[in-house]
């Protein structure tokens, strides 16, 4: 079993163990969960160490490392041909860091759920299942496998929010579930169309030989699709003339994917599930939600929407960039008006994810690198921010900004970390948030000159984002942490205390990484630059090739 | 006398059977309506079998008559139970399964 | 080469290391430790001057493909680094006494060291990314220092506002940088040809922000919320000159149009700030506005092409303004000592007659003021003279081609030269002369040598011969040939130089006399005095802060409205979409009624309504159901037969 | 006019009358009598179509079986119910509409149809043929219908039995 | 004559399994009348089915006609027969209800036999008898439920069923008149004479009734709601799938798609079926009723694959059918388990999940399968269905099919709303009621069913091998 499979399946083992232990041994479950996620983390570290960043490739087949491939479904669909789905996993420069990030945040998530007391068995069981699917989603190289992980993630999440969440948890969980599922149906439609349009030459030949009749094997294999093995005249093949309402089918497919993944990302105007879900979710789940789940939306855009539909990507570059721009500004402005600290951070996530979309839309090397970097850095920063909120919430049961002031006097360490992550999030140079945004902006402004897809004004206006984010963070920081020490309710004053060791353990690595990656982003860039280079070239060449003539 | 005469008669029987099913309140009479419709079909089958050396139509009709008897038997058996429970044979009153 | 790199890195990091090391020491000593580290660094930086004497040092570090971080230490940088460390050292020394007994001294020391390092980093950055990083770091550390007394709400607020304004200007700078970078220019030294107008304009705006030029000037008075030594270092000598420094660096490639903008804005700012300084009561506010005004001069210098003079003014200004701030600091220290917290220790209306109690401070303050005002034989006269005469020459050049608006610049510059002695003399009179307003007298106050020493040094350094041999020669700066040889300066005819200097001197004398007439004869201002409109206008900095506040409030309300929209409408727009797709046949009114509901609830409700309708059909009597079935069936048949 | 035509018309008239009676009468026993009349008339028509066996079975099962069962059903239900026998009608107008549509629509379609007896191909001895067919071609059907009758027998008796239990 | 008889004997040997099943069910009846032990009844019931399995021979790929073409067999028929038998065998694991004596199992066997003959019939007479056999047995078996309203359900069922089969018979008689034969395999295309079309459409009425396609779906909810669970599970699966198989046969035999209007018509009916199924399910408060509306929608999905020509949908249909059977087996089992504890309405389920996490999880998995979400087999079913629709669309550019595709997709969203009400109630709502004790075997069986749905998804090879060996017409 390869490394990646181990990372995916270790949680299943742990889940089995959890199931076997009776409910009354409550304290054991978290240890099992911690063990399982730590094992994942260690394996992820081994993965990144052994990952070869220099591997250059000329086709998608060559770019993936740690590949494991097994036939999963090979099914005769009659006149349609055969359907092939594989257990096919592997990582490239785009996904490898996301795997590491997920593994790290999953460990931190367990730590932050240390104090969960209600129905721990169920909680950690679901958590563990989530940990498997998250990683699976990032490493899947088969659309069906990807979709399965993508969908299956919803259920644990649904229950984790719905059972262990806040007061309006039911509403939030259902909203989350429905939005995401609604989006994923768009994705499913395109996946079905895609596999019907692509055939695997090797398998086809093999089956033809076996049966003696000409056979066509349609495959879900991402690599096959990425390499463009389209059938002639199939629904999503380039230049076939399928169109609805005057828009070619491939453009529709691209738009569907963008809608589907944007809901997960999320992008204005399909973002409204996010604040609710975040506010109601328990801290650990918020961490995962912001830190990883949003990235799956972004990753999906990279891996599926953009890589597979370069023509659509080029055709709709400008509108999508503008969408990203709107998200940046709109999310930031909404964050400004929030009275609840967690909601504020949730909206800031929307704003920051806007940068991801903007960077990707530009299709420049800088933009894409920046976009990836932004995802990673946001994963670190936003999860830390949710932890920060969680710390305060644990003590007071409240998150309103207006209900406290001058916290810095009583909680210096806590304030230090808050300031650290606030400033990291508002893009202070020297921390990771800045690098991502800088490169996205460079890409956005440079796109007009380099490939002419996105006008530079989009990037120039997006610079507003850094002002906007500074405004709400500084304002919130000033109101909550500065000034006279005061809390709305006197009983909170007793409850309030500075960081505990467990919280130090969670925050310190995140803080260190935020600063380290801010100063030495090349650590990350180096691992993915080859992939990004190939990715960009691929899109720009194939995009022209596939564009309807 | 030609085929169409029988067909007209049969469609009349069919239409009346249908109407009886629709209008009669008494459940037994609804069953009568169904029987009429079956008879209409039988009339067709028998009439058409006139040009069939295998007389499949007639055979079919015989079986249909037998099945019709069975259906009535079942119908009445169930109806008696309905009666017991609702104390009515009014079809429109047998309507408690609402949600 | 490698060694030089390490050396420079050590120079940058040493103060911060010092700040961290100081954490291990007692509260009383920690600042001394800090100061010691800065002293070491200062000595080291003299070595740096030697290292880059022959050729400038360039090093780079890879970041991403085309993006490397490059530093470039040339003579200018090395000299300015020394300057920064020098002032920083004095500030640390001054702080030892000034900050005594404050909570969080170690934090203070670390923040100040961090600032110093960031500033030095800014000076050596060559690639734009690095420049921007340190640019922001400087702003950030200034935020940290301003919010030193974070538990006072107003100060926290001021810190936030100062940082916000900086951030806005930084965004302009970032835009400019990005525009340059996408054209392939990744570092300052790589710039050869004139900048494009827009990119240049954004860069210039960024520089305006850091150097507190209009319309960003409002942050500097706000920044006075920080401790006074901080003001001396950051808001007088170093950080605010970052913008000037950047423009000096850029001046060879600035197009004429931009220079014009710089000159106009600089002159305008200089006048605006000098005018505003006239009506301030806070001892530090006067100095803050004065700083803005002097920065305006430097901008004028750059704008008119007298780059070297601008740099010269930057240099001299660092000393005398630091001296002024520290003098103000020691006054405040005294006031604080006297009043504890009863009265505002910074309000000049509460002062008067302090000459007797703070003789050293008085002398230093006066000398530095003379330098500021531009009295011959003091440093200010020399550096300012170059700028003033440069502006005349420049306006003449423009005048020759018929562009008479250019005369606005020398006009404003000279007006400022007239106003400057007025406000600074007003300050001196109000603080040291006259009778006092003080209700309590304490005679036993003795100034520590930790305070006196830096004051004295700075006072001495405000005298001409440290800068040039001839006190009347504006271009006689020792360093102009050494460091600025490569900068083309506007050739100024001798006549104009003479005119400029004479007029300036006359204006200064007139100003001082006027100030004496107004304030020098025992005028006592009371705190509750009503101000007339002009005074109010000047006091509030031409209502600039009100404009900021208005913008902020508008923005906030806009955000609130947006959030409401988000909550009420966007959250439900998906429902709207779904519903309108399915329900387009329904009447508008129906949609309206349900529009206010949320997506989930809405679609659920819609679906439930449909379900009810269907369910009603389902659960009618059997015969009605059959009837409905038949109707449908017959319609199907009819459809097939007749269509 | 041939005799058979006259007979056909006569039988048809009886059927139409009887069906009309079923539709409009409220007396349930008379309705059942009219239904018996319809089935008997239909048997006559089967004879006209040379389907003597069908006619006989029709007579036996309908007149002799089904109607009797129905009468029993009526009796049984009448015994229990105190409200008397429901005989009314409802939703008449839509039903009449359906009737008219089916009747005249069907009539129109029949009128337009190309169906005719192109040649009479009945075997000479229908009864014998029927018997043979039962045991050869239709064997499976025969077996299945036998099983079906068993099911009906068992099922109906159990269901009826159940009602007895319910009564207890 | 002798030849004929010999031929018949030969044929009888070929259909021995079917014939013996009839025989063994009669034997079962006789034995059953002598005993009241439910264990014995169940074991004999299973034995009868096992006998069938023993005698059953997998047919070849080609179609064989027996009994003067009355009877037809091919691999697809024998696969479905196997499916029916296996499915019915599992029904013994349902918790028994009161008063389920010999007649209950006998009627189940009758339904199975009826369905088996339904799919084998080539002659319309045989088909008619078979369909009536299943109908009659269904009417009866539904009325064997406990509860007072059960007869109402079964009576309504009877009236609808009787009316539709009468309508169908009328249609068959017209077809006979035109085609001059009752053998579907010998039917020819007959143009569009109105009366013929009338016959054709009315003939389909009974079939549509059996498979509960709009507008002949009305009987479903009330019937399912009141019937005994095992019977409902059977009725919702076996005769329905048999009906679909007949539909395949008829559509092909009657050259249905030679008519332009046929595909739009069916598409429209399917769209209505699906929409009505999912929308009406939304407002249900009774779980069983909700599931039965869901079953209507599933009929629509199943049918959707049959209207595609040239074998575009048949494979997907087979998959869907198998998965549908499996999930029906599981869902009615769950309902039955809970019904025994008087947990019937949705709100009765509140808070059960916290006490019975396993059952909650199992229930959730089954519902996911019904919705069609991974990682359950239900997803495969939906995936293949979508593939078929889209695959045909890309060939034909038929907008009707695209519309159907979109409706199908949207219906999944809607079906989420109602299916997930159960886990929502179980896990997210709390109640103070005491926990429900479910005995271990029942828990185990339910778990196995849901595991099958999961494992089938993860390791689909087994099903693939079976289904791949079936003739695709």
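Order of writing sets the chain letters: A, B, C, D and E. Residues in each chain are counted from 1.
Simple rule for what comes next: a contact is a pair of C-beta atoms (placed from the backbone, for glycine too) under 8 Å apart; a residue touches a chain by one contact, two chains touch by 3 or more.
No experiment lies behind these values; they were computed from the predicted model shown.
Between subunit A and subunit D, the least number of touch steps comes to 2. The largest tally of C-beta contacts between two chains is found for B-D. The most distant chain from subunit D is C, comparing centres defined as mean Cα coordinates. Chain closest to the overall centre, judged by the mean of its C-alpha atoms against the mean of all protein C-alpha atoms: A. Of all chains, the one whose mean C-alpha position sits at the greatest distance from that of subunit B is C.
Between subunit B and subunit D the centroid-to-centroid distance comes to 6 Å (mean Cα coordinates, whole Å). Rounded to whole angstrom units, the spacing between the C-alpha centres of subunit B and subunit E is 26. A straight line joining the Cα centres of subunit A and subunit E is 42 Å long. Mean C-alpha positions place subunit C and subunit D at a centre distance of 103 Å. Contact of a single residue of subunit C with at least two other chains is seen at positions 615, 619, 622-624, 626-627, 630.
Touching two or more other chains at once are residues 174, 178 of subunit A. Counting partners per residue, subunit E has 125, 129, 132, 136, 140, 143, 156, 159, 163, 177, 194, 198, 221-222, 283-284, 417 as the residues that reach two or more other chains. Those chain pairs judged to touch are A-C, A-E, B-C, B-D, B-E, C-D, C-E, D-E. Across the complex, subunit B is touched by residues 615, 619-624, 626-627, 630 of subunit C. Every residue of subunit E that touches subunit C in the complex is listed here, in rising order: 156, 159-160, 163, 194, 197-198, 201, 205, 215-216, 218, 221-222, 259, 261, 265, 276, 279-284, 414, 417.
On the side of subunit A, the complex with subunit C involves touching residues 171, 174-175, 178-179, 268-272, 330, 333-334, 336-338, 365-366, 369, 405-406, 408-409, 423, 428-430, 434, 438-439, 441-442, 445-446, 449-450, 456, 459-460, 463-464, 466-467, 470-471, 474-475, 477-478, 481-485, 521-522, 525, 529.
Residues 1, 4-5, 8, 15, 19, 22, 25-26, 29, 67-68, 70-71, 99, 101, 103, 106-107, 110, 113, 117, 123, 125-126, 129-130, 132-133, 136-137, 140-141, 143-144, 177-178, 193-196, 198 of subunit E are the ones touching subunit D in the complex. Against subunit E, in their complex, subunit C makes its touches with residues 603-604, 607-608, 610-612, 614-615, 617-619, 622, 625-626, 628-629, 632-633, 636-637, 639-641, 643.
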